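You will see chain A twice below: alongside chain B first, and alongside chain C after that.
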Partner chain A sequence: MNLELIAYGAFFLTMALTYAIIALGLNVQWGQTGLFNVGIAGFVAIGAYTSALLTTPDDPNRFGGFDLPIFVGWIGGAITASIASFLIGALTIRLRADYLAIATFGVAVVVQLAALNLEPLTGGPFGVGFIPRPFAELAGNPLAFGLLNLAVLSLVVGSTYLLLERLARSPWGRVLRSVREDEQAALALGKNATKFRLQAFALGGGIMGLAGATQAHFIGFIAPENYLPILTFQVWAMLIVGGSGNNRGAILGAVLVWGIWAASAGIVSAIVPPEQQARAAALQIVMIGVALCAILLVRPRGILGEERMISRHLGKLRTPSPTANSSADRKA
Partner chain B sequence: MNPQALMDGLVAGSMIGLGAVGITLTYSILRFANFAHGELISSGAYFALLVASALGALFGGMSTPIGPFSFGWAVPVAAVVAFALNGALALLIDWLLFGRLRRQSATIIIMVMASFGAALTLRSLLEFIFTSSPAYYSRSLQIANSLGGGIRATPDQLLSLLVAAILVVAIHILLTRTAIGRSMRAVSENPQLAGVVGIEVRQVIRVVWLLGAGLAAVAGVTAGVLVQIRPQMGFDLLLPLFAAAILGGIGSVPGAMLAGLIVGLSEAIAVQLVGAEWRAAIAFVILVAVLLFRPQGLFGRAE
Partner chain C sequence: MTNVKASSTSGNAQPLIEARDLVKVFGGLRAVDGMSIALNRGEMLGLIGPNGAGKTTLFNLLAGSLRPSEGQICVAGHDLTRYGADRRLGAGLGRTFQIPRPFAEMSVLENVLTGRQDQLGERLWMNVLTPGRVASEERAAMEKARNLLDFVTLSKLEHEPARVLSGGQRKLLELARILMADPQAILLDEPAAGVNPTLLELIIDRVLELNAQGKSILLIEHNMDMVARLCGRVVVMAAGRHLIEGKPEDVSRDPTVIDAYLGGVH
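After this line comes the complex of A and B, so read on.
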């Protein structure tokens, strides 16, 4: 009984961590740079489908697969999604702020359409199956399988987190925040705002692609209906709840919102008669939507709020003292 | 190519145009891309459905079809009521959400995100109340009359074109010839300055919501009469609406209508060439082309 509980806990956390990666990607785009992406589901799908194509065994009914190792698929998914974000960013970032939002919304619609209709590439509405799962040979032992997958995902989230924290504290990260806060000032300092925005958008998109790829390999099966606008919406809720601009907030928000989502879905399926479940699921989305709007109104900072970040070299210039403001700021 | 595609494209385009006029008005005066506009189309259609069913149940005669049309007097009356109800709904959302954000001087993108949240909430609420199965104003069938040249149209389709044309001309006159229209254009140019010279900016914002949501309701009723009513109907129209509003030039009412017709015709022609399953991608292709080559749109001014 306890072992089953641990196995379920591992499964739940692994799923939550795949969302945490998406939320980390969104945090680069929105939290740090102020770029609004309404097409998250599209970029996640690009990563998932690319990785599935690269790693599945050869299938005579469609193009590929190429039977490559899983990590090649993950890298491939991240690169493809990053290229797609770069292209859509190059098209819109120099224009008004909300054109990017509209264009990314279009990306999500078109990717969904392509996944449904490009059957020779994506398997159409039936999706792609037999995506190799890490440690698949251990599937007979759910506990070991679950824990090992959780360890892999923790490693991915952990290294993404460390990389992003490092970047956020680097000169590059400071330029991004300056572009977000006051573009005129950044321009006056000789920073090419468009270039920095584009880099951040492509990096964030790549991380979303990586997340899509890891999710696809964890579940072992993908289909177009995994990438509906509700996914975009959930990830936004995660980042806003956790605290946009804060990488730990992104991870916390992902676990929290995914927990609420999974629990409310469980309650709905337990107490609502089967013929009413589609309606009850709609009500579930209403709740999350109202919650998102309420947080935007009441506590736009989210739970953790944005960290104040300063250069890590700045602290060394001052006399080292445990009460110095700079070190307190960094830990806040 | 089948000439019938032209007729279908015009009819679909006039609906897109009506929605795009609403988007372009809210965009230029409230200054954010309202992702909930598609859902206002759906809510308008459902308001009209409720009113039309109530009228049909109270007065049986109102459901009998008028002349050549598929619907009785209940539907036009319901459309007028839905125009008002939908405007009230938009004002309610503005009071609950957007107005509060404006007072907190939220950035444009926070408004866009809030509209995104409002869109999903509204759509799921409609799905919860009315379920996702399609509904109809009338189930009577119509025969399409030949207009010559291999083009056929039902009386309903011709009426929808006429209604769209009348509404666009009316809005254009309202904007260019009346005091409130002048105030709207002033707020769209510069809200602070407009406030300084004594224009009641909040009044203007209320009128914009009423008009935008009202036109969305008319587009929703037209779509409901010609096709069907579903909670997803507005969401499916959202990308064509944005494409048309940007192609026409943000703030231009005739531009939005013309661009709506262009988007509708392109979709209909593309369906003939590449197949109906790619219809939704056409609006995206147009959007990308406009952003690449003429980001200010056909009638917009370069920033």
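After this line comes the complex of A and C, so read on.
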């Protein structure tokens, strides 16, 4: 019984961590740069399908697969999603926030419809199955399988987090924040705002693609209905709940919101009669909405909020007093 | 009183900023209408004129925030007319804003660091590929930023978010931010507006010192006392055009200038 619980916990956390990667990608775009991407599902789908096509065994009914190793699929998914983000960004990134939102939403709908209808490439409504799962040979032992997958996902989240933290505290991250705060002033300080926004958009999109790829391999099966706008809504809720602008907040928010999502599914199936359950599934979305409102009322900047960033070359900000920094001593 | 061509104060040297026949049309309005202006090296030039004369539009043309409909802008002999706003500071031309635009949620120190040009660490991959070089550049930038914060007396606030600064402090922060790039010319848009008298003295003092260090400064200002104290030469703009120029005391007594301020020039 206990082992089952641990196995379930590992499954739950692994799933939550795949969302944490998406939320980290969104944090680069929105939290740091202020890019209003409402097409998250599309970029996740691009990563997922790319990785699935690269790693599944050959299928005469569609293009591919190429039977490549899983990690090649993940890297391929990230790169393809990043290139797609770059191309879409090159067309739309100059748009004002609200127009960028509409454009990215449109892109996500196009990607989803393409996945649904481009049967020779994507398998159409039936999706792509038999996507190799990491440690599939251990599937008979749910505990070991679950824990090893959790370890792999933790590694991916951990290294993505470290990379993004390093970038957030670099001069590059500083320029992103300056563009977010005031584009006119950033331009006057010699920063090519469009270039930096495009870089942030492509990096964030690539991370979303990586997340889609890991998710596809963890579940082993993908279909167009996994990439509906509800996914975009969930990830936005995760970032806002955890704290926009904070990478740890993105991860925490993903785990919390995924927890609410999973728990509400459990509650719905426990208390709603079976014939009403399909309809009651909408309650899950309601619960996330309610949780989002509740958290924003108590903590308007999310649970963790944005940290005061300071260049990593200065060390962490310890106290507001300037004399706490040794290099400030010469001013005395 | 002299006209444009004869009034150059520093001999034959080529002006640092030379704008010729600038025109900016907004719909049916010619906000700047064939205006020429030259800022000599080391000079502190005042730009005055009644409200709506086109001073800030001219500033935005010089700073690249707006593209001129006609005319040409050269800085240190280079034609920057087609360059965007982000390519002016690197070319030696820094500007402040009439209403200061600090990066509100970033610390005062970070605001100043952002003014650094061409930092290696601003390139995404360099932070991963050559972290050592990025770090040493950043340390040098940090030292310079702290010296500049000393210069504008904001050192004690370096870790505070810029949103806590008062209006005058924000103007000083903007000044420190562009000084990070060592511009040769500085465009100051109403540095005295909305600043309390104590801080104003400090701003005037710092502007004078920058000029003494050799920076050329173009100043838009309504405060005539301040213009008279700072500038050796004043250009008066009215209805988008160059009206007259000369020494501040002469200009302020000139009947055409008085007429312009009372609404006589259309």
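The working rule: the second predicted complex is superposed on the first by the 302 of 332 C-alpha atoms of A that agree within 3 Å, B and C clash if a C-alpha of one lies under 4 Å from a C-alpha of the other, contacts with A are read in each partner's own complex, and residues count from 1 in each chain.
We adopt the following convention: a residue touches a chain if its C-beta (ideal position, glycine included) is under 8 Å from a C-beta of that chain, and two chains touch if they have at least 3 such contacts.
Since the model is a prediction, treat every value here as computed from it, not as a measurement.
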_For A:269, using the defined touch cut-off, is the partner it touches chain B, chain C, both, or neither? Pick first, second, both or neither._
neither
*Which of the two partners, first being chain B and second being chain C, lies in contact with A:159: first, second, both, or neither?*
neither
*Of the two partner chains, chain B (first) and chain C (second), which one does A:184 touch, if any: first, second, both, or neither?*
second
*Given the touch rule stated above, what does A:277 touch, chain B (first), chain C (second), both, or neither?*
neither
*Which residues, counting only chain A, touch chain C once they are in their complex?*
163, 166-167, 170-172, 174-175, 177-178, 181-182, 184-193, 199, 203, 306, 308-311, 313-314, 317, 320, 322, 327-328, 331
*Can you name the residues of chain A that touch chain B in the complex?*
34, 36, 38, 91-92, 95-99, 101-103, 105-107, 109-110, 113-114, 116-117, 229-230, 233, 236, 240, 278-280, 282-286, 288-290, 292-293, 296-297, 300
*Which of the residues in chain C come into contact with chain A in the complex?*
63-65, 84-90, 94-95, 97, 101-107, 109-110, 113-117, 119-124, 127-128, 134-135, 138-139, 141-143, 146, 150, 155-156, 158-161, 177-178, 181
*Over in the complex, which chain B residues touch chain A? Could you list them?*
32-33, 35, 97, 100-101, 104, 106-110, 112-114, 116-118, 120-121, 124-125, 127-128, 131-132, 235, 238-239, 242-243, 246, 277-278, 280-281, 283-284, 287-288, 291-292, 295, 303
